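Quick heads-up: structures coming right below.
Shared between the two complexes below is chain A, which pairs with chain B and chain C, respectively.
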Partner chain A sequence: MGAKRITVVIDTMGSDRGPETIVKGACQALLDSEDLDVCLVGDKDAIEKAIEDNKAPKDRIRVVPTTEVITNFDHPVMALQSKKDSSLVKALTILRDEETCVGLVNAGSTGALLVGSMMFLSKPGERVRPALAAVLPAEKGGFVCLVDTGANIDCLPSMLVQFAHQGSDFMKDMYRIESPKVGLLSNGAEETKGNKLVKETHQMLKEDKSINFVGNIEGTNALSGDCDVLVCDGFAGNQVLKNSEGIARRIITDIVKYSKQTGKPEFMALVQHLMATYDFNSLGGGIVLGVDKPVIKAHGAANESSIRNTVKMLVNLAHNKNIYV
Partner chain B sequence: MIMEKLKAILNKVNPDYDISTVSEKTNLREDLGMDSLAMMLVSMELEDAFAIHFSDPVNFKTVGDVVGYLKEKGIKD
Partner chain C sequence: MGAKRITVVIDTMGSDRGPETIVKGACQALLDSEDLDVCLVGDKDAIEKAIEDNKAPKDRIRVVPTTEVITNFDHPVMALQSKKDSSLVKALTILRDEETCVGLVNAGSTGALLVGSMMFLSKPGERVRPALAAVLPAEKGGFVCLVDTGANIDCLPSMLVQFAHQGSDFMKDMYRIESPKVGLLSNGAEETKGNKLVKETHQMLKEDKSINFVGNIEGTNALSGDCDVLVCDGFAGNQVLKNSEGIARRIITDIVKYSKQTGKPEFMALVQHLMATYDFNSLGGGIVLGVDKPVIKAHGAANESSIRNTVKMLVNLAHNKNIYV
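On to the complex of A and B.
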């Protein structure tokens, strides 16, 4: 008997680069996992043309045609309620209803994806606010789960405690870390440091014996690997994420310039290594935490490699955590 | 009864909300700090608690708006 097949649902609409790039990434992802099928939702003609262009195995691809798109200019709640034939509504419905579907990739409106995930993928009585996490490479090896990265800009202490639990559960599932170390982003390692939100959250996390709280983490150590989960409000988390991307880009650019100016092409190998480690296209996407099935928000400007890596994240998650299949 | 259920929902959505001070005049965004995600979560909890369905998006500003809406839907206080 063959291995049980899994399906990743991909909303091909709403990205900056158009459905062709998303489909191309999905076709590449099929080469990575033999037990994977993909369900491509969106503009039928564009999807089918991209499938032809990429010579993809058609027997492992299902196309679900839709006529509407939820854009960044739409009000998320109104759009989800009124655009019933949008790619996002269809994709979420398929993910919710079909047991073999292990996750969803979307590169469109973040707000609509968060609200939609909560509407479609949470059970009455178990609903919580979704958070958006990013998994970033740590200096000491392994990864740091930064949560929240922008879904919840203004937070209260109980929300940060919830993010700590969600991030901790995710790292257990994704990387099989038995007791993930949870840190709280602050402007100093001492527990007296921080604004009102951080100080109150610190005390709550300290008293919560169900998570492995290791105290405050300063921005300079955000990606050190001192913690597996770094908790913060969405405003601060977004700054950490974007600053990290900006600094990595700046350093990579400087090395390229130095390599050209000094005529030392050997430094380009270092550039390639840094790009593979820190470029957002190599890292997949942001994970929606707090819903019943995994949903990943790919970068709006994601290229095919990014989509491929994002699908790979979902496949890994499905294989690690068998409740999804 | 409506107010008590509503307070329980607000507390469930976020235990940090100061429910003891909630009245019909309480502004959901300004006084409780609710954002659009919290509003959505409250709407979904209202649907479950009162067996109603929001067929169109509703823009509640105050707790009184929510109570009034539920009464319009035939929910008895």
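On to the complex of A and C.
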């Protein structure tokens, strides 16, 4: 493995903070992994300016200039078909065509990334809908892969079963968990609890011997770590993800206020400690599952350290996959 | 209003901690409100023993002895029909029949309470399904009424519209909000976001001029206070409620650990401060909406102060309603 080099493709365009933040995050990631090269796609001048100010190893950076950008206001399918010189189309093409490319990071339009991933990275004839997963820190330690978090809002039971497999495969590759525990999000732990979708899915998961199904998980324990993969439709998953973010942000804000009111600045160390666990933005991004090569959707407002973490995830995944193969 | 006396009916049976806790909570509530009497229904000996040890005003307590209990293991409809001398059947009968009775508290089976409320407290011919709401502290101050939190798992758009009206009426009565802002839980603030149910409901709420609909609310802002009433199906509402509880409990536990590790006991004051806002158990319970008189489902593990708070809610509601009428 030592001599083999890998490349992560980074679409530098379309994020809230502009290409500079993305490029700087990518440069930081280069310092984490000796065998990593990055391919930066987007506005040439902006990218080169951001690299210049930087002590990153220039020989490990490739710049691919493009002239178009796909934004949140574009229709995903139409934009992918018409904007041939967009950073996303170019980045996906490079990822698909070059064997050493092990993954892609993008902080732009989620819809275009999902559709593009399916168009460029699905096996021909295979029409698996990609899912968007989030990897969140579990209360008992380790991580929970929540799938789906919003790519598939209205789901059939068969789709939830697919999510179970995709999440399970991902957790095997990413964290080398031999037999990931798969839970089904419900409104109670008992088998009889759930809406129509959950009840039907429960029976299918129970009969599926190729995954390690541990039953229903209720909201209180969504991120407890009772399971490695938590399966739900994209509407419910979006609630869990965003509600957790919202409550954590609120409590942390509360502590900052309390610290000021009581005149006890030592509480700020606690705030730092909590931010390290509960600031989901800095932890990485959404992972597109169900496609040939891993694609990560970073938060639109991702900062440098968030981009660095997403690249690190892709590098880890590549390393682990090589070991498995 | 001064001379008029009101009664809250309390089913003392079926809770996790037994009748003693419920009775003591009820006795504490008597000290909060001069015009309140309580009617305690259940095991006579247990109730009288709990009152005896207490400095509560005995002349404001009425004990109604019963010999049967409806538990979580009973089938709600069958139990309500066959256990005629159960504390729940007796309590609901008293609430329905006696004009001075303004509400009921129960910490037993949620299913039986919901079905019983519909059987005893719906207008004849009216087949409105009761909803279970939770009143949670909003980030901006005040409260958010989340409805439904689990009574109605599979919903039609018309049911969500009903929840909007029920929640709106409740917030008017409870907090004297003239025109409560009604939000619809979704996976994005835009009108086009949501699952099939949410999209259809959005259009119906938009056209309903008798409520103050403010649009979709996403998970991050579920409890921010952007709306006074947050409408969703019981599956999604259950996720918001339980997930919020779970994350809050987890962060508070984290702070306790951090306090021990760093040897800084002053953090425990912060924990107390956070518990006062985020310990949803002690804040009250689920409110049954859509029935003639208010019914509160306290947490099965409710403590004395939780029972006291639920009784206080019913007293406030009665006071405000009198003012409105």
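Convention: the second predicted complex is superposed on the first by the 315 of 325 C-alpha atoms of A that agree within 3 Å, B and C clash if a C-alpha of one lies under 4 Å from a C-alpha of the other, contacts with A are read in each partner's own complex, and residues count from 1 in each chain.
Note that in this section contacts are C-beta pairs under 8 Å (C-beta built on N, C-alpha and C of every residue); 3 or more make two chains touch, one makes a residue touch a chain.
This is a predicted model, so every value here is computed, not measured.
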{"item": "First (chain B), second (chain C), both or neither touched by A:130", "value": "first"}
{"item": "Chain B versus chain C as contact partner of A:119, first or second or both or neither", "value": "first"}
{"item": "Touched partner set for A:67, first chain B, second chain C, both or neither", "value": "neither"}
{"item": "Partner chain(s) touched by A:154 [first = chain B, second = chain C, both, neither]", "value": "both"}
{"item": "Touched partner set for A:185, first chain B, second chain C, both or neither", "value": "second"}
{"item": "Partner chain in contact with A:243 - chain B first, chain C second, else both or neither", "value": "second"}
{"item": "Contacts of A:278 with chain B and chain C, given as first, second, both or neither", "value": "second"}
{"item": "Overlapping contact positions on chain A, where the chain C interface meets the chain B interface", "value": "153-154"}
{"item": "Partner chain B, residues of chain A touching it in the complex", "value": "75-78, 81, 111, 114-115, 118-119, 124-125, 127, 129-130, 151-154, 156-159"}
{"item": "In the complex, chain C residues that touch chain A", "value": "139, 150, 153-154, 185, 187, 194-196, 198, 218-224, 233-236, 238-251, 254-255, 258, 262, 264, 266-267, 269-270, 273-274, 277-278"}
{"item": "Residues of chain B that touch chain A when the two form their complex", "value": "13-17, 33, 35-38, 40-41, 44-45, 48, 54, 56-57"}
